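Letters A, B, C and D name the chains as they come in the text, with residue numbers starting at 1 for each one.
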């Protein structure tokens, strides 16, 4: 709905060795809901048989008590999803599940396989039938067509041919394989609860379970969970780490930890740095709630200006919203955000947002603030100008739709009608985030170290256009 | 629900060359609803892209105006289903649809592939991933793994390895392939409407469309429908015809034609022959409505006894029915059938039914008739004793559950509490049905000329156990 | 959907003194489903509190196990409904329920109050607020506004002012009051099961419960069921009995008894009489299934001609049906009925139907039979020409829409394209039905002995137009 | 779900004179969703007929495009609801609608009628039938039973007998009557858009429509909207104003205006005053998001301590939530709130909440903060101790469940395990809110100037217990 924000591809979770494995996965998916709101799914295993439920919608819509009660077994994996590849159809809900000569296999994937199109053609050439239009399905077929009857060997040789970004959780009848791609682009962490091992996209999924956070996966690391315990493998040659810096800026929940740092604290630092790079002579600092709150507070602290709540977000807004025919001006924004007049009236306002995609919402916010009495509006962004699409698991518009791809910062500020505008510099960004990690900044810099995909046409691979009610 | 009757596997239909192809298929599925009530599906093609909708339930539940409006194109195929192989899960709804290197492919199947288990293993060995637990899916993989890039060639070489019973409709982007197995076990007929060609399991599906009935498919015949028109092929060496005689006895709708005979007329002949073989000194003849009406009328005509309506069927009974805890005697039967007291009172009653599976409903009917005042109850069946399971597309219980498999006719009559009992003889059956056709009578005689399957374990191939709401 | 048939207003049922009262009512409503398919409802009482569930649709759609489990208590009443007054909105589902100074009250009504408009105005004048647009609601307000605090007295004085037709069941916290209007227009019978008393519109509702049929209510009779047992009252002066003769012709289920006669037997007599009054030189007799089967068999028996099944009804047709845009000829009929060609071909056919409303379906049937090969078509009806609307609980079109109101029998026959046509005479009708009962024949003769309503505008009383999904 | 917070009874809105009246009401209800989440409803009028839709759930669940399209007319009123009286059943959804001798009438009510029980008995005594169990229904019956045929007169004489709190909107076929009780307890404001007049509980409902805020209703003021324009009446003698001070503290949305003050600004003042009354030697100030953010920022500003985000709220949590069987500690809170470890670690934390009901959530928050590393936890509340139930439209637990009713502040602090605790004083509260208004502080002081209800038993008036799916 909010097409002004980049959209995360997915959240993944796996639980090994807990009598209520599926329920723990369900709770963890709740905590990861911000990473994907189109579909949710859980596959559990009782050691021999898979139990599957997937559906479109929020975790709360897809699952109920009876369904969870039917997801037997002490092993389970789960997935929440936005579509980065593949249309939004039922067959694309993850975890994907398959029967093949090696038995049953399920997979939950966060990321984007950049050479999926080539692999797809090659697999079809050898007789594969594709049921979904997701890039993730090529993994299933690679394993099914593998020369090896040993699952781990089949998995490793298949992954060796995969390019792009992936945090992956595989479920076999009695095992979980969890791994991060060799550049470590997407997050994946590990925790423990009552002897069970839990892997998840973010640590907030551990918190909801009262589980203990152990550590973030290393790039290229694979962890095998089975009755024998947890075994760590590094099946691939090490590559330079390229952790997605946008996880800090926008995606991850502020209460999640990466290493020993809360995202909240890192965003505070981004805001402070932004205040240094782009100060303004103003009366108050406000945020575009809720994702920019931390950066706005950091900006206020560094600048010494008071932090105020100048915009209120309506949290009851659903995914579909019926507009009046005689359009109310800037309607889409009004449904979600409303200015607080007596806070803004006659004030010079610095408004902090975390990122800008098309710039249309930002322009509406400037108008809204002025109408509510703001004397000046200074727009500040706690990220650099977003100029390039992401091929590593973030749903972004075409280059042409990215406002920073075709306009200078000054032109953007003018178009938005702001009194001034300021984006955090790439240097400022890298100076504010943890130092012991390597980062992917392709969306800002165009440095696609993990490769660009050849042309992958989405619709071509749909298994018919599903006609829903 | 009514586990006293054999259950037909499926009904199939295809329409080529009509601007409202999907709507015609929908109407035809309505007319074929008696052949399968678990799921319904339609796949249409606009010449390039498939449009798919499938769901569990009756045709009326699965489709609505909006869905039908979305099934674009002037080619469409459809399917209604009972499960003979594969559990009753969403992924098993037909038509099955797939993407493979040759493009898109959909398949609607009535019948049963007796060597599916062997083919399944072989296909998995070459890397196939199975999404459903139906025997029909092996066809998709055989074509996808075929050496040939020519669809028709791939189809024919694949079918050459298939054993069992099948009436099949394949949909490609711009073609329909319809065919009957070389023994012609399951029905399939052809008709025409406004220049469009229609293929369907029974002629009643043509009647609802006001289409003209052309003819029944010949055993082993394949018809290819495309822009060039209808082309007939006979890709397989001819085998002895083995048309399912149970289509006459019970499955097909009485208004359907096979050749130039209505099923109704054939059933009347079965009833007449039954009267000759098993007369009784009685006052009235009644039927177990509705499927036995025609045979009961034939029996009455031949015997000279009056035909009366002695049992009323409640047509509003749905699939699920909540029983009281303190059980009403013979509750299941009472919900569906109620005796007409003043018709039955003090009468010697001949009751005609078409077939007997477990015999429990028949016993309840005898009790019910006596309680309503019948002085004598003579049970007559317009089919021979059913002793052997069907492997060619009819859902039957295990041998042990077939009452005629373990009891003599006399024992059955005694167990039911009838004053007399009589089954039509196999000779009588064959004497009453059209002469120019060869028949499969395996369920009565055990003559499995089309082969018996090796052990095919259903659950083994499920892609996880689907947990539904 | 089938606007060619008159539609019964309602079916009612009450159970007093059974631990599974609501479940028995539910089963009984199943058996009465033919009397109303728009909505269903049950109100139970645990002696102090009512438990209510009502909804639109068939009994099978409205209730499930959980709902039935929540309908506590050993007293319950139920209702299935077509709308004769009031639009088809949720608030009109019966039983109607109310709180008033006398406590709780629920009512299930079959019939039609002809002076409802006057009473409605009078009650509103005294401050009543109407929640439904049914005529039945005036009963609630009359009791609530009664001068008497004694419920029975309030009931009797209220009923004294009611005109028209009614079989009524009232539920109080610990009692059931069941009664028939003084002319006994609509049916109501009584039975017993395990010490519980059951009242219901027809005896088939007793049969499904395995309950014993006791007797039909007498005109003007009121039965009070409470802990003390069943007490019979006759609160009104006796009037000439006017039982609806159409219950015999069409409405009641053939297995229901009225007195010691099954409806089936009476219909057989109607068919026999019809054969005497309107013979034809023909080869076979067929019925328009299923409601005319009994009359057609009677006709065949009397005429000596063979009874054949010439039309097949599709019982899977639901309430909504999507038609193709390029209309198939006589589509509505084709969906429901299909001719049996080899039965009809080259035959002179007598087709027996039970009643004719607009005549459009009959005309389509004639065309359909001819197209299927019938050489001659002789249409026979086991009821007299229907010339006048019913004001006593049957949903009928306006006078102008009744074909027999504006055309002679010959004109009707010509319009339908039949070779001959014949309606049963009123004398023949009365000669065929039980003699010890007085009948209402207003729809045939215009003799409205129970009064005609002043103008009652339906929509005026709707509590807003309900906008449904 | 969150039984730690008081719950607002309702939000109301009315639009007169706009071609898309129902859609504007729908949008306004979105903005008022925080005032009631159990049910939503809209009644529109096209000048002659009402169009009604109501349902249980959020605005987004209850309405869709088709329903809104069916709500014709340029007048409409709407309602969102929590139950303060009456159980949560369908019949209690507002607006209530009725037919009576004066035509159609709908009503949307925010507040609580303290003498409803007496009026209910009196109205029943005169023959009224109650359909809902809400106190609001007595208003309908009073008007229907009024001696006067003039609606306005009937309304005023009825209201003259009503005690308690009410902001009311009445809809007649062609008019809206909006009014506030003589003490002005609940909010109601007026605005204008394109010539249409809008009344609503809060000004945020005007903002979403881009409507212009005019003013808050005065106590006892009635505004009549019809074709002639807006007419203001003061039908009742003036009483001392008693505006609900809890609207400032918690209920109203922070962006709503009362007079020329945003609620946000008032809450900031409450926080500042709280800092003066209850300082603490600490490192950071955090809020319990989102309702306490403004007060926490005010506290931070006054105290000079940094404001930090120490708790994250999960906004995806739905109304139902399935818990694991082996309970996770403090599970209910964990689902909604998660601490930010690196913000809290080793810090002395002041946590500001807006009010305390049972105190159980507060205790869990203290534990949660300590577990996340907080060295000290100082709990501060921007409201006085809540000791007495509200009888004027706020859903509160029994006195016994209010922790401040039975414990001293010290005891509460000890029970929660906080290092210190501080509530705002009543004097501090009144010193911080706008001076030109009179306030109801009964929940803090027990001063029930608008009267206490006699015993009103909820269940007694339910029209049967509705059994839902």
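Simple rule for what comes next: a residue touches a chain if its C-beta (ideal position, glycine included) is under 8 Å from a C-beta of that chain, and two chains touch if they have at least 3 such contacts.
Since we're looking at a predicted model, the values are computed, not measured.
*Asks:* Going by the stated contact rule, which chains contact chain A and chain C alike?
*Replies:* Shared contacts of chain A and chain C: B, D.
*Asks:* Find the geometric centre of each of chain A and chain B from their Cα atoms only, then give the gap between the two centres in Å, rounded to an integer.
*Replies:* 49
*Asks:* How big is the gap, in whole Å, between where the Cα atoms of chain B centre and where those of chain D centre?
*Replies:* Roughly 61 Å, centre to centre.
*Asks:* How many angstrom between the C-alpha centroids of chain D and chain A?
*Replies:* 36
*Asks:* In chain C, which residues are in touch with two or more of the other chains?
*Replies:* 64
*Asks:* Name the touching chain pairs, would you?
*Replies:* Every touching chain pair, ordered by label, is A-B, A-D, B-C, C-D.
*Asks:* Which positions of chain A touch chain D when the two form their complex?
*Replies:* Result: residues 19-20, 23-24, 26-27, 30-31, 33-34, 37, 58-61, 63-65, 68, 204, 207-210, 253-255, 257, 260-262, 264-265, 290, 293-294, 297, 301, 306-309, 312, 314-318, 320-322, 324-326, 328-329, 334-335, 338-343 of chain A touch chain D.
*Asks:* Which bits of chain A are touching chain B when the two form their complex?
*Replies:* So the residues of chain A in touch with chain B come to 43, 49-53, 64, 66-67, 70-71, 97-101, 104, 106, 121, 124-131, 140-141, 144-146, 461-469.
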